[in-house]
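Below you'll find the structures, each written out as structure tokens.
The same chain A turns up in both complexes below, where it pairs with chain B and then with chain C.
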Partner chain A sequence: MPNGASSSWPAVWAILRKECRSEWRTRYGLNAALLFAVTSLTAVTFAAGPLPDRTDLLSALLWITLLFAALSSMSHAFVRETESRTLLMLRLVASPTQIALGKLLFNLLFLGVVLAVTVPLFLLLTAAPPVRWGPFALVLGLGSVALAASSTLVGAVIAQSRSRGALFAGVSLPLLLPVLAAGVSGTRAQWDGLPVGADARLLGAYAVALFGASLLLYDHLWED
Partner chain B sequence: MIWRWGIFLWIAATMTASLLWAPLVPVLGETTRVLYFHIPAAWVTVLALGWSMIHSALYLWKRDLHHDDHAAAAAELGLVFCIAATVSGSLWAKSMWGSYWNWDPRETSIFFILLLYGAYLALRGSIEGDERRARLSAVYSIAAFVAVPPLIFVVPRIYATLHPDPIINASGKVDMNPAIRTGFLCMLVGFTFLYAWLQVLRVRVSRLERRLAI
Partner chain C sequence: MSAAAVSVSASGLTHRYGRRATGVEELEFSFEGPGVVAVTGANGSGKSTLLRIVAGVLRASQGDVRLQIQGRDVPRGLRRTRVGLATPELAFYEEFTGRENLEFAAQTHGLDAPRAAAANALSRVGLESRGGDRVAAYSSGMKQRLRLAFALLHSPPVLLLDEPGSHLDDEGRAAVREVVRAERARGLVLIATNDPQEVQLAERSLELVARGLGDPA
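What follows is the complex of A and B.
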């Protein structure tokens, strides 16, 4: 497959389809993330009970659950290639940037599914106050883009290290703490009826910066 | 050798003069003294992080392991200075705010940077092969540096903080008593040279280690 600009998107699309098909066959990553989200939600709501008035706690618990559900399985896209020794084959048909962009889109889709299951369940189990859907979706969406951009880049790096699983959360988390801070603050603000502009701008700028840096760095991920 | 003694004498003389000659800030009282140590350590932390990022980018461009030595040395030293800034800030917080840790945005920022340095060094330790370690660490270092401007400049300005104004405040002026400012700037210079000297030493050790490994 040539690597010219005109053939970039078909290659990215092909990687995305291949990722979706591989995930659908085993559903290993998705099952792990959903199981983690549901068990942690159960543990949290069982321990804390309904929290209709504590928007500070609700927003923190929601983002912690989402963050760790994502971290529990988002390195899988690259680790799977390393463990099954298919990365070399993949590199024969697409450039590093095309591979990484395909996996980034897959991670975004993956996060979308995790959010679609986790968020309604969270709102139901914690008896959370009604959300303002516009600002809530904006904060969740921008946070997801930053989360996917960071996890894709770190996942590709970690897949080439010795202790893949153990290191992924530890190495990803420092990059994601600004997302966590702005996500928690924005989610709380939408519940409290306050503007979410500052948090959304921070999340958006951070997502764009991470994505921009990733585009410059993808070509250096594999060379040996 | 002369550098070592020069830096030692400079820092010792500045510290003595600052503690004996410079006045105390009315509200801060005796805790003013932490300023001569805490802010220079925080400055070197960011300087080292920037140095590490610049050499990471240079490594990806030139593929010379000398740049990787610089990037790794800067991260190691940055971690040491970051711990110094965090601990001194925490001691100051205990006497001014009543507890060692308050998750104030500036405390949070420096703690995030501590985690970034720790993650970078943990990652380096888990990758085999000089070239691969250098390349992947450089990628992480540059990505990690993206998190630094939001942490240091944006987060403390968006969220309420109890921390005193940064040295150069929003109006772009340095609000400091002239004697305190002199002592503080001299300490800043001393810490910068201390870092530069340690950096040169650490890079030299890395080169020797690699030569011995061959």
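What follows is the complex of A and C.
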């Protein structure tokens, strides 16, 4: 028989592995995310050409590409469970917090893969100026955590509502704006030789706040 | 495993879906295990709703179900560890095999030997030879067997079976009877059904008469 509350991490780990295996077999999210990233970057650079001296445009383009590439899949983490009616099975084997933490870890991993493909492609196609790798990685990393935390939280909240698509956009927008603003600002600052500390602190604090709020909310979700 | 002292009781239990439609209304009962209880009633009388509330995946609008094991209350958030639920609403990951679905469930439950638990559960419902097939290729009867295996996976002292014989052939129905016979000795089994053969498996019954399709409240 299961050992109840003491088995949190094995459950989170099992859900993470299940998500990875499911994504590997269906390629549901990764193909869509990479297709979006590659086509949007190719289209922009084909139309505008290299943009080595426009760090403002480059920063915005990078974050818009990352945001939409990632959201195309991450927003569906819970919706897929609802639509395939597997959410009941999950709820019978794990607590809402365990489920959400497993999904959050998967979303982080997913974002890591999207970043690993998108960023080198972006730097190559746009002929962006050399990056300062420390500040660049810090801003990207903290921004990714904040992105994953917000999309996981919103996905969990809207999973059982009828108009999920419209709700996701409406609820996500105010949550994602601070991430986008700080991400763009920090990325531009590292190209312009300016300090990124303020933007990094904002992204970090925002990610922690979202994560904390999520932990408080998750066990009250899906009460029918 | 010896029989666990199990009791399930409810007082003033009511659940409403939305403003008008009622799932269950002012329900009172108390059952102690080991044994089998048949929950009967017209379509829409709240049989499935009641099982979902007992399993802890649905919060009642008023009142609540009390589940006690060995004299201790099991909080709603932990009921999944002590209850096995097989219901037609239960679906599995179609891109995984039946065995993979059960192994995932066993790992998430925190069982010590997930592979052995999955193999044992598949064997009890006669699905071991097709355990390696993807769920997408399963017939409705095979999916029903998988639901039963899922409910049995963690050897829960309370087994909740919602229309367990639906979609099953004679062999499958025999497997259900065998499971109920084995589980009645070690815990409490609640069967939501209107099938006379399944009702006969129970020594006690609870008839839900509050609402049905003919009285939509």
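As a working rule, the second predicted complex is superposed on the first by the 214 of 224 C-alpha atoms of A that agree within 3 Å, B and C clash if a C-alpha of one lies under 4 Å from a C-alpha of the other, contacts with A are read in each partner's own complex, and residues count from 1 in each chain.
Here is the rule we go by: contacts are C-beta pairs under 8 Å (C-beta built on N, C-alpha and C of every residue); 3 or more make two chains touch, one makes a residue touch a chain.
What you see is a predicted model, and the numbers here were worked out from it, not measured in a lab.
Visitor: Kindly say whether there is room for both chain B and chain C on chain A in the superposition, answering fit or clash.
Guide: Overlaying the two structures gives chain B and chain C room side by side.
Visitor: Please work out whether A:T42 is in contact with chain B alone, chain C alone, both, or neither, and reply first, second, both or neither.
Guide: neither
Visitor: For A:L153, using the defined touch cut-off, is the partner it touches chain B, chain C, both, or neither? Pick first, second, both or neither.
Guide: In the superposition, A:L153 touches chain B alone.
Visitor: Touch test for A:R91: chain B only (first), chain C only (second), both, or neither?
Guide: So A:R91 only meets chain C here.
Visitor: State whether A:N31 touches chain B only (first), chain C only (second), both chains, or neither.
Guide: neither
Visitor: Check whether A:L202 is in contact with chain B, with chain C, with both or with neither, and answer first, second, both or neither.
Guide: So A:L202 only meets chain B here.
Visitor: Superposed on chain A, how close does chain B come to chain C by Cα atoms? Whole Å, please.
Guide: Result, nearest C-alpha distance in the overlay: 5 Å.
Visitor: Enumerate the residues of chain A that count as touching chain B in its complex and touching chain C in the other.
Guide: On chain A, the residues that contact chain B in one structure and chain C in the other are 223-224.
Visitor: What part of chain C is in contact with chain A in the complex they form?
Guide: 52, 55, 57-59, 77-78, 80-82, 85, 87, 89-96, 100-101, 104-105, 107-111, 150, 154-157
Visitor: With touch defined as at the start, can you tell me which chain A residues reach chain C in the complex?
Guide: 1-7, 10-11, 13-15, 17-18, 21-22, 25-26, 84-86, 88-95, 98, 219, 222-224
Visitor: Spell out the part of chain B that touches chain A in their complex, as residue ranges.
Guide: 60, 108, 112, 115-116, 118-119, 122-123, 126-129, 131-132, 135-136, 138-140, 142-144, 146-147, 150-151, 154-155, 158-159
Visitor: Under the touch definition given earlier, write down the residues of chain A that touch chain B in their complex.
Guide: It is residues 150, 153-154, 157-158, 160-163, 167, 170-171, 173-175, 177-178, 181, 185, 198-199, 202, 205-206, 209-210, 213-214, 216-217, 220-221, 223-224 of chain A that touch chain B.
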